[in-house]
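Given below, in the form of C-alpha cells, are the structures.
There are two complexes below, and they share chain A, which is joined by chain B in the first and by chain C in the second.
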Partner chain A sequence: MSKKPVKGEYIETDTGNKVSRRSQIIGTTNIILGGKTVIQAEVIIRGDLLRTYPASNPSDKQGNTVAVAIGRYCFFSRGCELRPPGKLYKGQFSHYPLKIADHVFVGPSSIIEAALIGSHVNIGANVVVGKFAIIKDYVRILDGSVVPPNMVIPSFSVVAGRPARVVGEIAEGELDGMDLREVYRGVGNA
Partner chain B sequence: MSSKRASTMPAPPKPPTSLASSLTIAEHASLTGTHLITLGSNTVVHPRAKFSSAHAPITVGSNCIICERSSIGFQSEASPNERQGVVIQNDVVIEVGAVVEAKTVGEGTVIEVQAKIGKGAVLGKHCKIGPQCEIVEGETVPDFTVVYGNGMRRLDNSGVEDLKLKMVARQIEVLKRLIPSNPAKFQ
Partner chain C sequence: MTSFTPYTYFLCPCTDTSTSTRNLGDSPSAESEENSDDERTFDPRAARSNYSLYPLEHLLYCEDCHQIRCPRCVLDEIVTWYCPNCLFEVPSSTVKSEGNRCTRSCFQCPICVAPLSVSSLEAPPEGLGAELASGQNGPFVLNCAYCMWSSKEIEIQFDKPNGIFAQLAKIKNGGEPIITAKDRRKDREERGKRHFSGSSAAEEYQESEAPITLDPNERLDPESQFSNLKAFYQTQMAESSPVSALGFTGDYGYGSPGALSRIMGLYTGGSFADKKSKSKSGTMREARDALEGLQIDPLSSSEAITKLSTEGWESTASCAQRHEQTTHTPFISDLRPIAYLLRTKRSKRCKTCRHILSKPESKVQTTRFRIRLVALNYIPSIIIKPLQPTLLTASTLLTPLKPVQFLLTFKNPLFDAVKVTLATPAKTPGRFPTKVTVLCPQFEVGANTDVWDEALRDNNTKSSLSGEKRRTKAEASEGQHQAEAGKVWERGRNWVSVVVEVVPPSLRIDGSEWLKSEEMKRDGEEVRDGEDVVEIPVFVRVEWEGEAGGEESGLGGGGKDKEVREKRELAYWCVLGLGKVALD
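Let's look at the complex of A and B:
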C-alpha cells in the first residue's frame, strides 16, 4: 500500500471543514456541516437515516432532507458515530434529525443518537448518548458514560456514570477551555 | 495505511452464504470466513456490520436488524458443543458496535450499543442487554431478562413483547426503503 501519492489525511472543503479520507460518511447529501468542523478517521455519520414521517408543517418540505445538521468548530474524534434517532410516532416508525450546534467535541468511539446537542458541549471517549437525548449548552460528559434515552441535560452540567447523572457543575473558569477554535487550527495535513 | 476505503481493497474470499430473497443488506456490510452464513427473510443489515464465520457458521432468523460496526460470529476456535455456531432467532435487534459470540440469541431480544455477549452464551427470548453491558462466556440468561447499568438485572414482566415485535417490524419497513440493498455482492 505504498503506491499511494503523497496526500494529506484530510480533505479541506470550501467552508473550512477538515474531513478525513478514512471517515465513513453515508448519505452525504443529507448532512449539513456549518464549516470549520473536523471529522477524523473511521467516523460514521448516518445521513441516510432520513425522516420518513411527513412534516406537520407542509411549507417545511426542505427540512425533510436533512438527517444530520452540524454547526461550526465541531470536532469528531476517531471512531465515533453520529446516528439520527428513530422512534414510533402515531403508529409509524421514523428517524428524526440529529442537530448539533457549535463547538461540540465528541471523543473517540462514542456513539451519539441524541436529538439535540447545544453549543460548547464536550463529550468524552466511549460515551453512549441514547436516543432523543437533549443536551443543552456548556455540558461536559465524562468518559464511559451512558446517557439514557430521552434524558434532558441542563446547561452547565457535568454528567457521568451508567446510567448517566448530573454529578457537578461547570466552573466559570472552564468555559474558555470549551472553545474549539484552537483545536481546529491544530488539525491539518502538515 | 492506505487512504483508500476498505471496499476498494482486494476482497478476501467470500464465505458460502444462504441469503433470503427479501433480505436487505448494505453494500458496505462485511461477510468473511469459511463456514456458512445464513440470513433470513426481511432481515436488515446496516453498512459496516461484520459477520465472521472463520470458526463456526452463523444463522440469523427473519425480521432481524443488525446495525453498523456490530460483530457477529466466534472470534476463536469453537468447542465441540458449539459446532452449530452463532444462532440468532427471529426479531432480534443488534445495535451499533455490539459484539455477539453467543450460541443462541432468543426471539425478540435487543442487544444495545456496544454490549458484549461472550462466547457460547445463551440468551433467552425477549431479553434486553443494555448499552456496554457484558454477558460472560457460556452464561445462560433466562427469558425476559433486562441487563442494565453495571451488570444489574431484573425481569421484564410488563407483557408488551407483542408490541415490541410490531415496532421492530415497522422499523424494518422503513429501513428497507432507506438502505440500498446489494445481496448480489455476497453470493
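Let's look at the complex of A and C:
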C-alpha cells in the first residue's frame, strides 16, 4: 500500500490513514477507520474484543461485527491502547463497541475503555479512561487523569484528577484549536 | 518541571493600568521610563497582573466597542440548566423550586466523587433461560466503580432502580425512614387541633386512621429540624400578632410584628404603635422540644467522642468529603451520596455596551454557537520560537547573560492588512531585568485572504495581482538568513516573523550593586517562585483600514461606518514567556 518502495514508518491506506508498522492492531476486520487517522508506534487496538451478547433487535446484525469505530482525523500517540469495554450483563460477560468520532487526540501511554468519545476531544498523556465512560464533544482531559468508569463528561469540559472531575470549561476561542487537520498533515514517512 | 513551553498572554484593557500595580519599594528604572514616555511600563510580575492576563483563546472581542473583552469584563447569562451526568435539561422554574441539583438518579460517590451507578443486590439469574429473565429486581444499591463504595455501607437500599433522588430523600443513613415534611405537617396540625379544642381521645381515633405519634425527644435530621423550627416560629409570629389588627393573616410580611407595628404607625401615632408592639412581643416563646425544632447537642457530641475512641481516625470524613456535603457530617457513616450539581450553558455580554459576544445554542446536546466573537478572529496571534533550533534539543534553560534570539510570528486573522508596531522596555521590570531588543519593531502583516479565495479570485480575474506580489516578496525575503535590524525575518501570506534578541539576567544575588539596594535586603537572598522565567512585556499596536468590502465599490450612503473604509487602531499589552534561566 505504501507509496514508497522503501519501508517508511507509516503505511498509508487509500482513505489516508497513516498506520505505523510498529503498532499492534488485533482483529482488523472489526475495526473501522474513517480515514486520515494517524496511528503511531506501539499503539494497541483490540478489535478482537467483540460483542458476544446477542443484540436486542435482530436487524442490528451489522453492528455486531464492529468492535472499534474511529472517525476522521484522529491521532493516537505512541503506546496508547484502545480496548472495547466489557461488563457482566444478565449473567453473561460481553464486550461492547468503542466508538470514537472525529478529531480525537489520544496522548502517549493512555488507555481508553470508553463507550463513546465525541468529536474534538483531547486526551493527554498517561490517562486512563474507565469502562463505559461517555465523553461528549470538545472535552480536554489533562495528563495523568483517571476517568472513573461510567462517567459522563459533558461538552466544553476540562477534566483532571484521580478520579477525574470537571475542573474547568473550554473557552470559546479554544474550539478552533482542537481541529486536528494540521496535525495530520504534519505526520509523514519523512 | 524542567520543560518549558513558551507562552503569550494578553492584557485585557479592562484593568486600570493607571493605578500603580507595583510594590511600594519599586522605583521604575530610568530606561523603562525613557522607552514609554506617557505610559507606564506594564510589569507582568506585579501582584495584580496575574488576574488580567489571559491566553488569546480565552478572550472575546466586542465589535461595537472595538475592544478585547476578558472573562472579567463580560456578563454571563444562563441559557440552559442541565445535569452533567444524564444531560437532561432542567427548566429554570424547576431549578427555583427543587434546587440546583439533579433530581433524577445521578449521584456522586461521597468518598471519591466518582459517579455512582445503580445495581441490583440480587444475584443475576444463572443457568438455562437466564437471558430470558426479564430485568432485574431489587433491592438496589448505589455503587462506585472507582473506589468500590456502596450505599450498603450506610445501609441504604432502594426498591426501584429509578427515581433514586426521591427514594433517598425518604431514607436516613442506617436505613430508617425519614418522616417526610408532609407527615410532619399533618402531625403538627393534629396537635394544634388537640390543643385548640381539647378534644377527647375517642374523637382523635375517628379522625385519623393511622396517626403518627412523633417523639418529642427525637433526633432530627437537619432538613426536618429546619422545617420544624420554621413552622414553629411561623405559628409563634402569627399568634403574637393577632389577625384582627389589619385583617392580614399571611405567613410573611404583614404577619411579622415588626412590619405590623410599622403599618400601624402609619395610621396612628408612633407612640401608640410602640406601646402595642411592646406588649405583643412579650408573648413569643422559644422552641421547647424536637417537635418544635429544638435539638440539644451535648448528647450527640458525647456520642461522637465515644465513636472516635472506638473507631478512630479512619471513621472520620476528610475535609474534601465534608465540603461536598450539605450538612454537618463528621463521620464517614454520616456521608450521603451527592446529587450532581447542575451545570449551565451561558451566553456572554459586553459589560459596557451590552451586546452579546457569545451565545450557545440552547439545546444541551448541540455544541454550535449562534454568536461567537472570539479575539482570535480579530487580533494577531503571536507564536514564539527560538531562532536557533539547536536550542530546543540542547537544553530548555537559557544561559544567563548570553544573548538569545527568538522568532515572533504574528498571524493576522483579519481580511485587511494590518500595520503592527511593537514596543518593549529595554530592560524588563523586576529584580532580575532582562535586556530586550526587537530587531524590527514596525511591520505590515498581509490580509487573511483564504487560499481558496485567492484561487477563486484568480478564476474571476479580479485582483490576483496583490496576492501574487505578496508571494514573491515572501520568497525574496526568505533568502536572507541573518537577523538584520529593521528587517522582517520571514513573511507569508498573512504572517510575518520578526526577531527579538534577549539577554537573560544572572540570577546571582551576591552582586555588589544588589547588596546596596533596599529591596534586596527586604526580600531576602532567595530567588522567588517564578522569577527565573524570562517574561517580556510587549506593547502591541495594530492599525488597519477596516470593515469596508474591498472588492465592492462602497457607494451606499446608509451605513456609513460599514461601507466606507475606516482607520482602526487597537493597542494592548502582551506578555511573552520565553524561557527559564539556568541558575549559575
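By definition in this document, the second predicted complex is superposed on the first by the 184 of 190 C-alpha atoms of A that agree within 3 Å, B and C clash if a C-alpha of one lies under 4 Å from a C-alpha of the other, contacts with A are read in each partner's own complex, and residues count from 1 in each chain.
Here is the rule we use: contacts are C-beta pairs under 8 Å (C-beta built on N, C-alpha and C of every residue); 3 or more make two chains touch, one makes a residue touch a chain.
A quick note: this is a predicted structure, and the numbers were derived from the prediction, not measured.
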Exercise for the section: For A:137, select first, second, both or neither according to whether it touches chain B, chain C, the two together, or no partner. Expected result: second
Practice task
Have a look at where A:9 lands relative to chain B and chain C in the superposition and call it first, second, both or neither.
Solution key: first
Exercise for the section: Answer with first, second, both or neither: which of chain B and chain C does A:155 touch in the superposed model? Expected result: second
Practice task
Identify the partner contact of A:93: answer first if only chain B is touched, second if only chain C is, both if each is, neither if none is.
Solution key: first
Practice task
State whether A:50 touches chain B only (first), chain C only (second), both chains, or neither.
Solution key: first
Practice task
Could you look at A:125 and tell me whether it touches chain B, chain C, both or neither (first, second, both, neither)?
Solution key: neither
Practice task
Identify the partner contact of A:163: answer first if only chain B is touched, second if only chain C is, both if each is, neither if none is.
Solution key: both
Exercise for the section: Name the contact category of A:111: first (chain B only), second (chain C only), both, or neither. Expected result: first
Practice task
Answer with first, second, both or neither: which of chain B and chain C does A:22 touch in the superposed model?
Solution key: first
Exercise for the section: List the residues of chain A that touch chain B in one complex and chain C in the other. Expected result: 88, 91-92, 130, 146, 163
Handout entry: Touch list for chain B against partner chain A, complex
Key = 1-5, 28, 47-48, 68-69, 96-97, 113-114, 130-132, 148-150, 167, 170-171, 173-174, 177-179
Problem - Residues of chain C that touch chain A when the two form their complex - result: 56-60, 71, 82, 84-87, 112-115, 117, 124-126, 130-131, 133, 144-147, 343, 348, 358, 364-365, 367, 369, 372, 374-376
Completion exercise
The answer for chain A against chain C in the complex is residues 54, 88, 90-92, 130-131, 136-138, 146, 148-157, 163, 165-166, 171-177
Exercise for the section: In the complex, go through chain A and note every residue touching chain B. Expected result: 1, 4, 7, 9, 21-22, 24, 26, 44, 46, 48-50, 52, 81, 83, 86, 88, 91-95, 109, 111, 113, 126, 128, 130, 144, 146, 162-163
